[in-house]
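Supplied in structure tokens, the structure appears directly below.
Order of writing sets the chain letters: A, B and C. Residues in each chain are counted from 1.
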Amino acid sequence: MTSPPPLCEFRSVCKWYGPVIGLNDVSLRIDAGITGLVGHNGAGKSTLIKLLTGQLRPSLGSVRIRGHRAWSSAAKRHIGYCPDLDAMYEEMSGRAFVEALARLHGYSRREARERTDCQLARVGMADRATRPLRTYSKGMRQRIKLAQALVHDPDLVVLDEPLNGVDPVGRTELLQLFRGLADQGKAVLVSSHILDEMDTLADQIVFVCRGRLIASGSLAEIRAMLDRFPLKIRVTAPDARRLAHALLPLELVRSVELASPDELVLEVERATEFFPHFNSIVARDGFDPERLEVLDASTEAVFEYLMRTVTHPW
Amino acid sequence: MPLMGTLRATWHLFVVSLLRLVRSRQTAVSLLLLAFAALAVIAWSIRRERTPAQFTEEIFLTLYTSLLVPIFCLCYGTVGVASDREEQTLVYLLVSPLPRPFVYLAKTAAAFVPSLAWTLGSLALLCWLGGAAGRKVWPVVWPASLFASLAFVSLFSVFSVLFRRATVLALTYALFLEALVGNLPGIAKRMAISFYMRCLVFDSAEQFQLSLRGLFQPEVFLPIPGSTAQNVLLIASASLLLFGLVVFCLREYASA
Amino acid sequence: MKPDDARYRGWNERLRPSWFACWPVARTGLLLIIRFKIFWVVLALAALNFFFLFTTIYLKAQIASQNPGLRRFVDRVLANVTGTGETYRDFMFAQGTVTMLLLALAGATLVGDDVRSGGLTFYLSRRIDRWHYLVGKLFSIGLLVSFTTTLPALILYYEYGMLTDSMTYFRDNSRIFLGILGYGLTLSVVLSCLLFAVASWLPRTVPLVMAWVGVFAFLPATGRLLREAFDDRRWLLLGLWRDVQLVGTWCFGGIDTEREQELIHPAMCIVAAVCVASLLVSIPRLRGAKVIA
């Protein structure tokens, strides 16, 4: 029995605009769950998203959605796209806009209306959707864009800067919504510059730089691969000096810094091997650490380390 | 998407595009332009007995053919894909499952409707304002207006998929190149749509015994038979439509 | 980026008055136009008539100097190129079509985009008032008109004079120089005010062009037709371009027929009224922010 085709697959994709390379030999699979897309401005994120949503064709390689070429209409049935551009049919109301785009999927008027109502309620715009779009705030416009991306129940939801202009409360609501979509078995691709939200949101992260895919996987997996950059851990304990003395002989400990009388900052290699040793030392010598905090396993820290690896490979 | 769904979606896109065009500011300004034209025709017809030949020569072949038809056609013809691109809303159409040929056909059909309504409607109004002379001219000249409008809208739709600044190019073509090429000596003028429109009218308005002077003299103008002109306009319209469709299907709109 | 990286330098001079900002506003507008290739095409079309006349003047001078016997024949054939005020006035009038086209296309870029896309906010967030912005924009439109009318006319005037035998041409025809400047200034002022008014209310190209065609094509045609119907030359005053030409003729000192004498003052009034009305209509559109009800 053949397995079903992957939801989204990039196979050795290259895209160039004249002499400029937008994407260079990118191979990638996107499956159910939340995938974060991270990179500097001009890294190739927009090109990747446009290839995925069928706005561009790859110069080399292929992009497939459920086995169909991304450029084809069959593939676009499976994709819901929330663009970063703040452009809509301004004279329409939010409801009319979402309904109009729903009907482009071939739904009858009644079906489109029902789906529109459902999605507007989901994004928290049910009571405000009758005003013209040009009167909306940035956050409201983002919600409407999200609603139109979800109205046809796509398998893959592509969100380009979805939290731009959304207030903190709204941000929490939308993050919960994204989580809910992933829990339903959908694939959610989020391109965002708000890296601290990727820490809790994304199951997988894809890092792009200069048109190349430099890392993909869970944050922990990628962090573990960055041998050049030992893990920084802050330990808060009453007898920090004695603890430092106990930890120094360990081979895995690269350095120890006494930040304050009750705070240590350690640099350790191979963190998964280090922690059992740390536990046994703490239990053996009766230390009482109050807090253990990893300082550089966040998306932002990993991103910085990856950029350093790319710009200074040796 | 099943065929029924595709057709339903195409129809819906056609209706939405049409409503947006009709409710746009273009319509209000078209009314203003028509008011100016109507004023000119009223001024032409008061206090004098005019003949159908005079209406054809002084109103139809000059003001109407050179100004109103191209402007009404580009008003709506260039808007289709180009305005969505300019407003950055084309992305919603490009990522929808509606196949690109259907998107283009829906947008272009939506452009045809108001263009034809304005060109034929304005002609009907001007003929009515032109008194008895104008009313005799209407049944003779409206086919020329129809076929020329089809050709203009098809051409401007091609501009809208090819060029970012389609409106500016279409204006330069309509107000300058059409006039320039249409008045070139020899058969070079056959590159202009207005040439075929005039040929159709010369043929069908023969009964009015037009006194064709200057550049419209037969020895200078070198007209072709009306049926040939009509066929050329129809073939040109179909070819341009097909060309625009192919370009839209193949082209990437990176900043849509 | 640290503040030090911005490399701000100390500056102890006095800031210039805000009216000095008019030139950067005008310059920015012109650079916007020059950026687009389509406007180069239209400018090239505008230059066709100029090159034709330039060559004609040169040929006339060459033929007359190399073969004086042909002088009368050449003068008869090229009767419109005489070096009198009518030549330059008629040239500037003939530049009308392409100048109209250029302005119709440029209006959306020069003015309409600022109104439509909120670019006006950036201007008014500086140390300038809306009057400075308005003057700057009018200046840019005026310069554009001058490039197609006044400047080529001046070059033709200079060419004609330099191809004569002495400097007497310039001495005897100094009024022509003033006439070119006067006509050019009238054109620039009227067209810039009118274009700004139309573009601020109809910022997109097509509606702007339609309104422009209505004013410059249909109104004059209506005027001509009404003149025929009522046998009254005053109906010709409906054509704004013709009114400006009458004022230009007055600048050249060429109003010598009684028929044109009786129209000159009404033409001046109409031209002035159009300018004032255009400015009054433009002012409400010069707001930095749009209030959404």
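Quick note on the criterion: a contact is a pair of C-beta atoms (placed from the backbone, for glycine too) under 8 Å apart; a residue touches a chain by one contact, two chains touch by 3 or more.
Not measured: the values here are computed from a predicted model.
Participant: Taking each chain's centre as the average of its Cα atoms, which chain lies closest to the overall Cα centroid?
Facilitator: Of all chains shown, the one whose C-alpha centre lies nearest the global C-alpha mean is B.
Participant: So, comparing C-alpha centroids, which chain is the farthest one from chain A?
Facilitator: Between chain A and every other chain, the largest centroid distance is to C.
Participant: So, what's the distance in Å between the C-alpha centres of chain B and chain A?
Facilitator: 49
Participant: Could you please state the distance in Å, as a whole number, between where the Cα atoms of chain B are centred and where those of chain C are centred?
Facilitator: 31
Participant: So the centre of each chain is just the mean of its C-alpha atoms; given that, what is the distance between chain A and chain C in Å?
Facilitator: Each chain's C-alpha centroid was found; their separation is 56 Å.
Participant: Of all residues in chain C, which are in touch with two or more distinct other chains?
Facilitator: Residues of chain C never touch two or more of the other chains.
Participant: Where on chain B does chain A make contact in their complex?
Facilitator: Going by the criterion above, the answer is residues 1-2, 4-6, 8-9, 12-13, 16, 20, 23, 87-89, 91-100, 252-254, 256.
Participant: For chain B, which residues count as touching chain C in their complex?
Facilitator: On the chain B side, the touching residues are 25-26, 28-30, 32-33, 35-37, 39-40, 43-44, 46-48, 63, 67, 71, 74-75, 78-79, 165, 167-169, 171-172, 175-176.
Participant: In the complex, go through chain A and note every residue touching chain B.
Facilitator: 17, 50, 53-57, 73-74, 76-77, 79, 81, 83, 85, 87-89, 91, 100-101, 103-108, 148
Participant: Could you pull out which chain C residues touch chain B in their complex?
Facilitator: Those residues of chain C that touch chain B are 36, 38, 41-42, 45, 98, 101, 104-105, 202, 204-207, 209-211, 213-214, 217-219, 221-223, 225-226, 228-230.
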